[in-house]
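By letter and in written order, the chains are A, B, C, D and E; residue numbering begins at 1 in each of them.
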Amino acid sequence: MTAATQATAADERVSRQSTLTRVLRRPEVGALVAAVAVFVFFAVQTEVFATANGASTWLRSASTIGIMAVAVAMLMIGGEFDLSAGAMTGFTGLAVGVMTTHWGLPIWLAILISLLLALALGVANGVMVIRTGLPSFIVTLGTFFVLQGVDVALTKAITGDVAIQGMSLVPQYDQPHAVFGSALDVNGGSLYVSVLWWIVVTAVATWVLLRTRAGNWIFAVGGAQTSSRQVGVPVARTKIALFCTTAGAGWLVGMLLLFTTSTVQSNTGIGQEFIYIICAVVGGCLLTGGYGSAVGAALGALIYGMTNQGIVYAGWDNNWLKAFLGVMLLLAVLLNEWVRKRAELAR
Amino acid sequence: ACGGTGQPSGAKDATSLNLKYAVITHGAAGDAFWDRVKSGAERAGKDYGVKISYSSDADVAKQSQLIDSAVADKVDGIVVSMANPDGLKSSVEKAVAAGIPVVTINSGIDQWKQFGAITHIGQSEDIAGAAAGDRLKQAGLTNVICVIHESGNVGLEQRCSAAAKSFGAKMTNLQVDGTDDNAVQSTITSKLQADKTIDGVLTLGGQYAIDAVSAVQQANSKAKVATFDLSDDVIKDIESGSIIFAVDQQPYVQGYLGVTALYLKDINGNDIGGGQPVYSGPAFITKDNAAQVEKFAKQGTR
Amino acid sequence: MSETLIEVRDIGKRYGNVIALSGVTTSVHAGEVTCVLGDNGAGKSTFIKILAGAHPHSDGELVVDGEPRHFTSPRDAQALGIATVYQDLAVVPLMPVWRNFFLGQEPTKGWGPLRRLDRETMKRTTSTELAAMGIDLRDVDQPIGTLSGGERQCVAIARAVYFGARVLILDEPTAALGVKQSGVVLKYIARARERGLGVVFITHNPHHAYPVGDRFMLLRRGRSMGDFPKSDLTLDELTAMMAGGAELEALSHELTAELGQDSEVAQTMSQDVKVLDT
Amino acid sequence: MTAATQATAADERVSRQSTLTRVLRRPEVGALVAAVAVFVFFAVQTEVFATANGASTWLRSASTIGIMAVAVAMLMIGGEFDLSAGAMTGFTGLAVGVMTTHWGLPIWLAILISLLLALALGVANGVMVIRTGLPSFIVTLGTFFVLQGVDVALTKAITGDVAIQGMSLVPQYDQPHAVFGSALDVNGGSLYVSVLWWIVVTAVATWVLLRTRAGNWIFAVGGAQTSSRQVGVPVARTKIALFCTTAGAGWLVGMLLLFTTSTVQSNTGIGQEFIYIICAVVGGCLLTGGYGSAVGAALGALIYGMTNQGIVYAGWDNNWLKAFLGVMLLLAVLLNEWVRKRAELAR
Amino acid sequence: MSETLIEVRDIGKRYGNVIALSGVTTSVHAGEVTCVLGDNGAGKSTFIKILAGAHPHSDGELVVDGEPRHFTSPRDAQALGIATVYQDLAVVPLMPVWRNFFLGQEPTKGWGPLRRLDRETMKRTTSTELAAMGIDLRDVDQPIGTLSGGERQCVAIARAVYFGARVLILDEPTAALGVKQSGVVLKYIARARERGLGVVFITHNPHHAYPVGDRFMLLRRGRSMGDFPKSDLTLDELTAMMAGGAELEALSHELTAELGQDSEVAQTMSQDVKVLDT
């Protein structure tokens, strides 16, 4: 026993490893390098990109996607998908819009009710997945379709229109607008609060994933569900909580959208669910679950946002937008992978 | 729903005819423009006591299948928008051959006759686009972006290209992700920041005009915003001067008149237009006449 | 010494139309080691999965501490102090060794929102517990999937021993282990017995089963062939029983023919056969 | 040895199983039952659905989706995704359209060239996935974006329009039209050839999956890639062939679309890639690979097609379309799962 | 009898910065059984994965039939008649047993597009080969993931034996096996040797290694401790070597204390220690 413990100090079975290499092996580093590369590329290519004004724009567009990407990444680490996440952003926004502009509910109450609705949907998703044993891809696809229909049809039925109008005239609009929709003036550019929310969400998610029991369980249920069940991880509880997380993030983003643009339309968020998954995967999450990081997902969203806006700044033929986006994404992911492999092989 | 009260008493009673019309468009679900077409058609159906079934698909192959379905369903008339006439040709002709009267609305002004429709109502995206382009020219703009909120949508592309033609000066298309308003605002802002000489933004939906107005403020640009289609918020912005005009294609009219044309054909053998297309617009909403339409925009019919 | 911890009565398990286990009756006592023996596919793992709460039983009764139970999850069993080493080890390959060790029962420190994993304790405990088994890991931060088969098995055992409060269930714990590590596991079992735990131990190695076992339950093709106290058996009888009698004889002859009369394996086998005949 | 072999006849360790139960355990049966349920539902609810005319419509709409779903199911069984599959249908159609209407190439030559282009893209997808070790979700997402950009930009650049017009005026249009776009008159309704193609594709895929070495390898690489590599399955070759299959199916569907409607739009197929995956999953394929069936995927497409058209026949409010679709899908999948579970537990 | 099939010279393998194996030199001869022994994590599996082509080696030379090779895939090794049983068995859990058995080397019948799997042969062969090992499956159409650990291992072994043309590599094949099945595996090894195959056999059980082995290579912490012909060793020496000497002594004392002087395990251990001392 003693013989074994003392051998830890210097082990001939491990080759030396520089601190740099050790840093490079963190899962986020590949995405970070790729993000820096994209930034440098557009900063050099265009004038506005690296200015405060430019940054405020691409940060803003990355922020809402980023919040969702982080939540979706957690869920993916836990081995599930939520295709209703995109529609949820529209749903919560519409709910608040309808409740305030048409039913005259106090704005904060409406916000609270929409949060409860979102969480209830999250729980419903989770319970259905657990109870039926169906893949979450299918269950949440069902929820997605239902939400999409509800978004259009209910909004239309209640308001007679397919978008919320007159939101800014609602009493006390200023208060939630300050919390969700305002912008700070930083160095000439405006920093939207959505960016701050994004940072907070990423930090909390990272804390939860790496430092708490819940985080341990998330990695476990995604990595090997049967095994984790066997050692006593509360699989159902963990997964339902994860579905609530994406639903809650959907609510947050719904509020951010509603109070930044002061309107939501019934097709808000439709089709975005895959963007979130894409950002998470670009940031290093495995589609099969059990591996990934919140910071990586946030960086994935940053890459996506920067590329999207960067192409506009560069003034490239807009018809090619998607083609450029595809090539840039591929290059970013390849760079990411290359960095990681380098790090793994480094001696 | 059709209780029979308040119906116009025609040569024949509609309820006894038990008519059923299909309205099949290429609009996406939740699109404000097509929502008004739908409202118009449904209102007409209610007014005449006719059953209306509205369906739509932006994919031309699926739209043609919807027409086939309606034919199989033996409806009494079909209202169809033909954004991509080639793809609908065989289906429309099949409907005509089956003895079902067809009315085309919105687009398809060059083909309706050839395909055997009884009339065409509305004006093509081309005409509306051209009119918008003219207006922009009159406003003295020189560098305008045309915001396409759905990539590859034929109707949107037609609006932009027609506007570009009649506008004469520089007009570039900008693709945005229409399902993410945050991204729409950011992208328009980016474009305005990247090219300071842009002095006009033309959006193709009321919703995106609101986004464009915020983006213009955000980018500290002096660009003027103009848009297709109306909404309550758009009217308010027109009144406050942040949108210079809105092109109103009067989609409600297209839906309503489309059904009316079928109805008149059925009860009275009328051919509206007498072999010529009927224009439904475009109307321009500016500061001067915004107040008049505000009420209707609020109720979602303009 | 003879407090009955677990009692199973006429228990059975079906997977669809496969009857993996039927009509098994036995009990686990405090301070006693029950060895479950049997051929491959006899239903041993199925049996212990029922005790561990990993699979609900289809027939019969499971009584823990005098109360009939129907475990719906391994958590239920753990709550009663039953810790298990599964044959497939139940580890999460992509997770670091120390996280696997404490999975499901992580120690925390701090309060409220700052309540967090006690990482130092976790890492330290993991490496000391493994070192005690003779496994000297390079790095407890390594994903457990990159460990060798035996190292992985040691993690699973060390974990169960660490958390096993009243009953310890071990499904072929020594299968992938070296001589030294096997010795440690046997020592652990002996110690657990001394501390008054009930132990259920599955192995194919009579040399491992005999020294530590108090009672031997034999399964064959999903049915129990009876429970034997150690006093009724010699090692040779046990071996013969495990190998399945008659068929063994044929094999023993073949082996003798191929490996020569003085081969160790052949000799052991023919001895076993003789024991059976008597 | 002898003792062991003879025991096979009657085994006390297996309970009796009726032939019905055994049939019910095939992976496709759940989907079949769900399909029948959907059919009966709409046949009762609407008049037209069960007529020859009605059937011809929903069969046609299911057929093109079905062909792709079968190919995508094979790829999913092999453990990979192809998000470029939808865009590929538009791409090949557009390629033929541009080559014939604008460049005046002979129509069969154009068709051949577009097939080669599709296969080349399939190989490119496969090689990238194998070489870089990146998840195919990301690699084919890149291809998807690039194709989407190319579809819009190139078509516009060459034809000045975003849709192909005047296809039916191309010389010899009749020949491929007969092969890909014609319809037979059956019992008053028209049976589109695309339906025949669908049946052929499903049959061939089933044969390959269940009866050939290649099929064995597909299940293996999807079920456990490392293990299959270790026992000598040519993993790279199998996967590249699978990507070629989806690309080839994309080409076939492109031709079917082009010659049935005589036009393609530059956004044809965009967004469809997930529909294919959905159909495959509804038909019982696992998202994680290694399990599924071609017939199941075809049935999944049938369910989707019937539901989509059935809702139209039923005349339900169009705004609720998606909600109905979601509910129907969920019900179908639940029924599917229920049948399968019943079958598994049946004694 | 002494044709050299495989020669490795100074071979090494790193996983990132983990050095799993370094400087190992040995050779595999036709008609000879080379046993690879060593503690858990010593590098045995890594060593055979190199021979099998599953991992390329990082250092040194691998010579097969006199030609230096650098396998990039297990197919390369298979093409040279090398068949392997991996410790993790290399099966595809969701696939039926018979498909797993023939995976990668499926027999076909028919021609051209009608060329198809010879399903009858495949199923028949699978069940006879398994029956020969004493495994009597209910149904070869069962997914292999639902077999018991030992049954699964038998499939992997039967497959390798069936396809092994010139070299047979077995990584702890008897770990999960019952007494009877272990006997069959030893018999197979003996038979393969007689047919002139080269066999590489890894086990932790000296009672399995000694009877069939011709040469014994000992690995410790990734390095070779040398190659010993059988004539230089007794079973006891072998056991002592496997258990690692000095540390064993401490363990033996502990065990004696806990299990009592007459415990079998304790006795064996103290014997082993004595052998080492002499």
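Here is the rule we use: contacts are C-beta pairs under 8 Å (C-beta built on N, C-alpha and C of every residue); 3 or more make two chains touch, one makes a residue touch a chain.
In this text, all values refer to a predicted model and were calculated from it rather than measured experimentally.
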In contact with chain B as well as chain C, sorted by label, we have A, D
How many steps does it take, at the fewest, to get from chain A to chain E if each step moves to a chain that touches the one before? 1
What are the two chains with the top count of C-beta contact pairs? C-E
Per mean C-alpha coordinates, the chain lying farthest from chain D is C
Look at all chain centres (mean of CA atoms) and spot the one farthest from the centre of chain A. E
Distance-wise, how many Å sit between the C-alpha centres of chain C and chain D, to the nearest whole number? 47
Report the inter-chain centroid distance for chain C and chain E in whole angstrom, where each centroid is the mean of the CA atoms. 24
Taking the mean of the CA coordinates per chain, how far is chain D from chain E in Å? 44
Please report how many Å separate the Cα centroid of chain A from that of chain B, as a whole number. 35
For chain B, give me the residues that contact two or more of the other chains. 29-30, 151
Listing for chain A: what residues touch at least two other chains? 1, 13-14, 148, 152, 156, 271, 319, 321-322
Touching two or more other chains - residue numbers and ranges from chain E: 18, 88, 134-135, 138, 247
Inter-chain touches occur between A-B, A-C, A-D, A-E, B-D, C-D, C-E, D-E
Chain C-touching residues of chain E, taken from the complex the two chains share: 15, 18, 38-42, 44-45, 87-88, 134-135, 138, 142, 146-151, 153-154, 172, 175-184, 186-187, 190-191, 194, 204-208, 210-212, 235, 239, 242-244, 247-248, 251-252, 254-255, 258-259, 263-266, 268-269
Note which residues of chain D are touching chain B in the complex, please. 46-48, 51, 53-54, 56-57, 60-61, 64, 148, 151-152, 156, 161-168, 189, 257, 260-263, 265-268, 270, 309, 312-313, 315, 317-319, 321-322
Show me the residue ranges of chain E that touch chain D in the complex, using the header's touch definition. 52, 54, 73-75, 78, 84, 86, 88-95, 99, 102-106, 108, 115-117, 119, 127-128, 131-132, 134-136, 138-139, 159
Per the touch rule above, chain A residues touching chain C in the complex are 1, 4-5, 7-8, 11, 13-14, 207, 211-213, 215-217, 219-220, 223-224, 226-234, 290-291
Over in the complex, which chain C residues touch chain D? Could you list them? 14, 16-20, 221-222, 246-247, 250
